[in-house]
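Would you mind keeping the following structure in view while I ask a few things?
Each chain carries a letter (A, B, C, D and E) given by its place in the written order, and its residues are counted from 1.
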């Protein structure tokens, strides 16, 4: 548990407070306090219950993982759950981390079970400038959420890059394999997940930025609207990626079909040339006593000529049908 | 019919009452009473009509099975139908059991045609602690519904596991068969059913947790919202499973296509190698009198050489096209 | 035209009135009157216009067929169109019959161009008991609509049975034919039709059961809500059937693909075994003068041995690839 | 420009007025005036601007083509755009014509760039009876719109017939060709177009028939609701056709697949019978010195027997697999 | 930065002002001022912040690219983002350019990072006529937006043309290739993008044209509604194109399938004719001592006759099955 305190007018944000000092700090309404609980212990939970008097169900929500983004208003505070990008997320396995938190008149609490780049960034920021705290707790919360949302962008770029490479692969490979299919399907799942998560966060930021909550009001609203705009863009990209991956699946299936056509053409060309020639050879391999052609002088060479002519004719027909080379097309 | 009674301030929940004692118990507004009707008889129905004066149509709804989740407000009580997980449910045949019930100012009635793990759990809980009853009938109902919803989780885990195994099967099998297809389709049906059921229960809990009903109000609301959150998660998982099973069907169909490509490649390779060789053999099986090659000393061996060369050339071409081994790819 | 009249407190519903008696009957507000017009004549239409003073457009709607379910409120009466199940309906050709009607303060009019089981049932009921009339015209209408909706159930059971048989057929048939496809498509059309019709009736019953209309109010509402519940169930089943039939189409297409794979495997196995053997036979059918093998003593038998070995090897490879019997799988 | 004027109580609608007489006619509020502008000139546009004082943007909308159905209320008049069926419309190329117009307290203006059957019909009607004008301008507009909507029905019947013929074609043809595919796709496009147009007109008539506009009120509403009902039916048919055409595309693709299966069966049957026989013939065409069978007396006939036996066996197997004739199925 | 100033009643719009003159110009409420910032510098941003006092977040939105269309109301001005067509857009890569801007009581600011045809057009217009400025800033904004929206039409025509050519290609090509597929997929992506963008702009214009904003009111509303109508048409065309491109993909896949059928027919016809003939030749190539046919005088010619008969029979069967020429069909 780390505690940051900004005193109105101060030039730096103070650090290094302990849980024991919290009661007196919280009483001073002129301060802006941020309590970050990383890997919180049961003591931290008890603090939330006993000191802050947060609703026990919200503390239970904090403790448990795998909740969906939400925001709930209580008389004295706002409880929220948002999802940030997990460090090890990949386009094939899109992964988010749950950040729970509270916004009070003069404090922000954040609660998360693992270290989290966006939070670390804000801590570094507060160590170098008091600006994010100067306009109150709601503005501080804006900075935190803004950063959490900004962290989505590199993940989205990864999707972009991966989808481009995938499509290239599909069109250039000479062997459509199950491996490409597995990649398409796992990307699709990730994208659908991203889409669901971002549409839920969109809903929450919409409510935060349109004046629904007493603690986020007036001059703070355009700042939350700015985060909302960002999420609109993320949701739109997710929609876009869904189109791309659907197109990739169509492309993959169609490339398989084209390939089958190509294989069958090769087989047909071979068969259509070889079967008649083999038949002719078979005819003159028959053992009838009376087969006049066999006794002519150049019969053998004439047959060779006929066979070559048939082969050429076949090739010409297939070329004309556009099955070979660039064809008549 | 089992009756549980909690007297305000008592240390234990009392049990073992009979239907005859109910009228006097119900008159005492300071009690919290739970009547659980398991495999109810027509006598129980008459009790609901005559003693409780519940609307006859709701009692008919109790008696009949196969209704959809719903909640209806009457002046003095709330009637609800929810669906719990049936014990023998499997991912291929997702099955729910209907639990009907009433919430009154000082009582909860539950009504179900078969034993039901969530209800049994609550009974055991009440035998060990009076806590679920201490804050009134609405809180008792919260405990029952919470448990019913919690029971969905193991069923959802079964889905998860089954879907993972299915996908593995699809990609590893060497024989795409109708059996896999049947499994995909029955899983899909179960998932669509789960999705419909959970979206309907979501709707009901939303109404219960947003203050629509007089009997569930004030401090009870966050507790019903907690169940609602749970259902949001279940509905989201159902959506997720739908994506997974749709992906599985796509994968299955695509694996069949890939397989056909593979089969056709084998056929084409065989034909393209064997047909020309057979043709050459046929040529030298012809019986023309004048075939100079036949009389050379090493003609036979030269023909073998040519045939081997053609075979190698063909193999090379197919390897280069990526149809064999790892290919040029 | 049949007229049923219930006098308050009477033990039987009276019958056998003529159109001439209607004006005086209608004036007595204490009566409950049901006028059923089966195969109505133009005289009946004129009665609706002149005696009841119904809006001419509603009478035109009655006269014409093929309208959609609707309900319209007029100052003194309610006009409705609902669709009942036609007697000769089948899952392949789902067919409904239009029932038009009016609800007034003390009367119900029903109007339909063909005999109709639900209406006949209610007539029989009124001949044996006055109960459906005892609580007024709205309750009588409830009984009629409830019966019309109940008649959907056998039709739904037919769908169920047909869909089960269809799926069985798809997986067991050895010849996927256009006939199965035609059945799938006609069932799908019927189901989509059922779905549209029931979603429209759902909308109407929702309005009737939520107090929108002055003539259906207070104690009658739960009874109309009961019909609404029934329709919710029908709509849900229609949704369910849509999933089933979509699954059947997927299954059918996939079974065709599996079949093609099977056919191609047979072809490939035959070709891969026979082509090399034929080639070998061809080689020793060549007429070269100098072919040492031909003159060995057991050459012929050695070649037979080689050919059998090749055939066995091929069979082994295909068995190992899982193309034959139970394979390596 | 044709002008029709009905004087209250008159027995005929008067005709043959000129633009110069319009100002005085319009001042008389007791008249009902219809001005139909067919192939309007710029003079007509100027009349709309200068005499009627219509908003310039609405006149621009009139002049331009290709707008979507809409209705806009202005203080003194209502501007509307509806789409009628063009005379030369076909199911493959569904085509509508834009009719713009205004409704004022005592006049209706219609404006269209080509002759239009619905309008001609109304003109003929007014020449034979004054009824459509007797209840005011809104009722006259009802007659015009009702007729425009009624003209959709023959076009819908054409769709019906075409879809039936198409499905028959798909199942009966022996050669699935690109021509059928082109027909399916153009029908589908037409149907989607019909669906979009009718859903937009539905929206407009809904607003007109639910009392949103001051100029269409009271007793006129049920008449506009009657047109709305008609459009509901058209929209439902469009939805229905969409199901049918989607089914046709599925059927077409599936028929192609079935056909491929049939072709492959023929190929496989031929190969599986001929390859083994050719192999046997090849064996006894070998030139080994020591081949005992060649010197037996009935060897040749025995081989024929074996070959016939193999052929019969193969045919039996394929018949049993259901690939030939009616099979074991 | 270019500044245009219209003084009430003037005959020309003045130009050539500098940033220094802006403060005094803005104070004169009777002027209509347009400031166009093309490739804006940081100085321009500072002007927006310091002189106009626009909210810093809106200036940040201006500076950054890739926002979605939106409109936000502030007490003294309206901030908007719209997307215009980029000059180099093609149907395969649909591209828009972001135009940010502000509307104040007497000014319009437009802000864009690249030159932009619609803006250039308006500048030329203002140099020739003061009309667009004569009715105030909102009307000037209408002219700018109207032009931006009008510029979509040539891009839409390009889509139209491309889609037509594409469909022609699909049906006429003799070689369905991955290139066509790539074109289909990129067109589809563009169309989905166009659809999303236009649906968002539709939403913004809807709000602008229905009186939500104080600065766009009364007589200006029908003019913004006119732009809205235009966007409705664009959105409808986008929907239409989506249908067309979906149809093209279906057509492409179906043409591939038809092609495979055709290839397989060729193969089957060749095999079915040649295999039996080769078999017969093989039979008479056998070396049995006792083969009576070999010693008949015309045996060889009879066999030729039989072989030709078989070939003709086969051709007849395939013709009858409709696999060759125009067939029996």
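As a convention for this text, a contact is a pair of C-beta atoms (placed from the backbone, for glycine too) under 8 Å apart; a residue touches a chain by one contact, two chains touch by 3 or more.
Here the structure is a predicted model, which is why all the values come from computation and not from measurement.
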Touching chain C and also chain E, the following chains: D
Rigid-body rotation angle, chain D and chain A, from Cα fit (steps of 5°): 145
Interface sides of chain A and chain B: same vs different residues, half threshold: different
Centre distance in Å when chain B and chain E are each reduced to the mean of their C-alpha atoms: 41
Between chain B and chain C, centroid-to-centroid distance (C-alpha), Å: 25
Touching two or more other chains - residue numbers and ranges from chain A: 257, 260, 264, 267, 271, 275, 278, 282, 285-287, 291
Category of the chain touch graph - line, ring, star, complete, other: ring
Chains in cyclic order, anchored at chain A, direction fixed by chain B: A, B, C, D, E
Residues on chain E engaged by chain A in the complex (per definition of touch): 55, 57, 60-61, 66-68, 70, 72, 173-178, 181-182, 185, 188-189, 192-193, 196, 249, 252-253, 256-257, 259-260, 263-264, 266-267, 270-271, 274-275, 277-278, 281-282, 284-287, 291, 293-295, 297-300, 303
Chain C partner contacts - residues on chain D that touch it in the complex: 171, 222-223, 225-226, 229, 232-233, 236, 239-240, 243-244, 247, 250-251, 254-255, 257-258, 260-261, 264-265, 267-268, 271-272, 275-276, 278-279, 282-283, 285-291, 321-323, 327-329
